[in-house]
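Chains here go by letter, A, B, C and D, matching the order in which they are written, and residues are numbered from 1 within each.
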């Protein structure tokens, strides 16, 4: 007598919680998601094409804008990839500073993640608290490289300059803010019944699926696999650092939340070690003014806050710019798994899923 | 408002097609080194010959003979830079792969600590399956996959690289195939489901289609996009798709027409389809 | 009390209505404003502190004044208050968009249904069950007549209240349906299910004071619960209060139950397609409903105008020449306290999921309310 | 009158006595500018930072970010507009009711920024009318606040008569003569 019909609905590109311009075509039966098809490309800016037309020195500027919440990770990945291509050895002090900046950046990125994820689930105040603590880290970036978000912090062969005066005090202040902040977030969320109800058992993705879909980073670690490129293929000064790789077996949103919070604590630990053991010396390797490449091909993975970010470079003989430049963005793979995770869940869980994936459309669309 | 395809109207739309195809391999590198040495040697011989002629001339004219040229030894590099040279395969994984794939392997080498295996284009699915399922290899994850356009390639137009990761043994491997324009390699989605979007991206950006792919559509650009942007013959500023300018259009009608032509306008406004 | 003519009755009622409208339209914008300020306070920021305009003319005076206000401890929270006038007036003069495919009539009247239903509830809310003030004798026709603290304190007041309050859901559902858009439709469906579900435990929890006071009239109930109930009734009142407040949050769609307009899920929920003052009406209706919930909670569970903490009510004079009837102020203060709690909760808690909300209503609140009702009945019978 | 430098009032100004009402309207619009949540790229993060504790956009009475464009007055185009996004951006802009304003936040929205490539619109002003341009990549939150104050000034000095002319008096050269009218998405208020 009554006809029932599934409803197609577009979530995004303009939607408050798609973290930019992701678009999900959903087919709903009531509130249950029966089919989900992500559409990306609304922020495609042609970064790969641009970088193929820019010199090795210049390309870094565009890597800032890939994952704009964690620009320094991208800078580091890019610089290391070019250094690997050319076989450049970076001074030890520069390695330490890079490690420190990268970890600060991880804190920054995780804070943005927690802020937006919590706001999507409705916890307004956590958003503001996270942004409050994040400002301290941004101040450090600003003191170091003059910009808050798009840092361009690395140079091929090291760093442009040594750290400014009073740098370690700023870092210590920021670490203190983050440490006290973490207590606040945990008070507001970790044992909050509503938070638990919204996150426990939501958006599950087990380890096999993670690996099949190329998902890395906190997502993989929350599925019980202790794979961290900082440990597996140590780069920068990570080989000399003492830190743990947190894992959880549950593979749900709450596990990822806990893993990321623990990662922030480990980052604090790494930064403290860097501050203590910071060696003296130059921060820049001796390299020619203009890099002329031979024929080469390199893929360099590093651990960005969102997972493995890899830079693939092909160089031609005598070329000053890469022949081919490709970014393996973690968000690209994470976004691909959305249909898998939201199948037969509710609309509200789609929001939680997008939040827990920690996607940034800048790196997905490039 | 209309698309500008005329390079004269937009001079920076000109492109320089590369003449060479930089595909690294030990053989090519050795040949390159040899060619460089030969060129240097030839240059030196020419310098010597020039000197001999100049000396003979000077003696015959009664002038003072020029100084003999000095062949400089190769300078010790003052930079912290050592170009990583491709070397023959030493890693057991590569040997295992060569053993299993047999004649399908075209080349195996290591460069900058990365394992590279170039296989025949028809055998890529076999190679991926072996990498994924062989007990000794077990590369569980396809970390990345991308292609490169070589308009100047001899016998191939594209290289497609697969970056595999073995999480348990912390190993990485690069598989590579070289294909001609129009060849459709087997899709990797049958082995690694995560290759779905990667292959769509390759199709979108470079125009390489994959056989047996579940959904071979454009992913980043819209469906109506002309050309494949990451090809070397595609200008960096595009073929004119971006040159929308509706600043003179006060009522917005023209803008809307342009936008509708660009597609994707009816978001959330299309009527429900009755069953 | 002398017998009144029809004209006199109507005029008195008119005055009462005006008073209630004034109260509502002072209380609601203040709530909206303090929502921003209190949220700002919770979130370690300032909230609105200034209005547009250069440092000249009226705007300059306002901005300078607010700058000086910033130096005074408590007063500085009220900076930015003039901006509220701007908010409301701007909504009035904003373009009123009607979607082309919308059901025109229903689309137009839906916000009015919400608003009217919310306002009409105040007809039976008794601010003070006695005489609020007497009209001076020099006024023609109605001179010397008393004005009661309730517009219509009828003996089935609580029924009217619940009945009218449940009409409010029609405004939301109809508005959502008439928009002919998908997100509003989802919001409307959520809202219908949620409100119908939460009506049940809400009514059950309100039956506790009804049983304890033995009356259905608003004023009688308030007085009965506040003055006549035995100490044994306190547990059931406490449980009743918690059930009632939970349902109240759900009924007015506030966090953590703001499903129909869950901003991060459904864009703006049922009023996604509404603009201008029609949206403003929904917006105001939400806050009026909040104040109604706060009024009922403070009347039936917190002693309404009669009780103060620590027995301080015994020091309140019966009447005071310079502020009028003092009990009225106690009641209004309690209402504002509960409005503050609404905002406080919003600043602290995440949002439930839709199915979880339903589970809360049907699995926990209704059984709890039923048991509570039985306990209250036993208390009433034995004590 | 001419000697005093005062121009003859136009017909419109004869008919309508607008000044005081207009001032109040402008003030109320300027003091409650509600932006639509429309983040595109990097600048959206700075826009969020501008709304957060340290900078607190809400001080200007504009902290109410509306998710639905129907209820918003201001579109802050924060980030790069790609060719694929342009129609959607235009659509969202059309869904906003009058009066509405746009801020182009950041170099990308202003002029394309560093992305001089095939898929980026070189400035959002090619699609929608922009009131305030804020350069920077991304601009600091202070820049956004300053740009916002400039927008308030602009609103305060706007005039109903200008709006009337813009809406009802035809432009000198109409580019739309050759185009037949098409269905609009919504009816405006008439």
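Throughout what follows, a residue touches a chain if its C-beta (ideal position, glycine included) is under 8 Å from a C-beta of that chain, and two chains touch if they have at least 3 such contacts.
Just so it is clear, the model here is predicted, and its values are computed rather than measured.
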Completion exercise
The larger set of C-beta contacts, choosing between A-B and A-C, lies at A-B
Problem - Identity of the chain that, by mean CA position, is farthest from chain D - result: B
Practice task
Could you put a whole-Å number on the gap between the CA centroids of chain A and chain C?
Solution key: 45
Completion exercise
Chain centres from averaged Cα atoms put chain B and chain C apart, in whole Å, by 66
Handout entry: Centre distance in Å when chain A and chain B are each reduced to the mean of their C-alpha atoms
Key = 26
Practice task
Starting from the mean Cα coordinates of chain C and chain D, work out the distance between those two points in Å.
Solution key: 36
Handout entry: Contacts with two or more other chains, residues of chain C listed in rising order
Key = 43-45, 182-183, 263-264, 267
Exercise for the section: Give me the residues of chain A that touch two or more other chains. Expected result: 7, 9, 13, 15-16, 41, 44, 46, 49-50, 128-129, 132, 365
Exercise for the section: Mark out which residues of chain D touch at least two other chains, giving numbers and ranges. Expected result: 52-53, 67, 84, 88, 116-120, 184-185
Problem - Touching residues on chain D, where the partner in the complex is chain B - result: 83-84, 86-88, 90-91, 94, 116-122, 125-127, 166, 171, 175-176, 179, 181-182, 184-185
Exercise for the section: In the complex, go through chain A and note every residue touching chain D. Expected result: 13-16, 20-21, 41-47, 49-50, 61-62, 65, 68-69, 112, 115, 127-129, 131-132, 134-135, 138, 148-150, 361-362, 365
Practice task
Mind listing the chain D positions that touch chain A in their complex?
Solution key: 36-42, 44-46, 48-49, 52-54, 67, 69, 79-80, 82, 84-85, 88, 92, 114-120, 137-138, 140
Problem - Touch list for chain B against partner chain A, complex - result: 18, 20, 22-24, 28-29, 32, 78-84, 111-112, 114, 116, 140-144, 146, 148-149, 161, 163, 165, 167, 170, 172, 174, 192-194, 196-198, 205, 218-222, 229-230, 234, 236, 267-268, 272, 274-275
Problem - Residue ranges of chain C in contact with chain A within the complex - result: 39, 42-45, 182-183, 185-186, 189-190, 255-256, 258, 262-267, 346-356
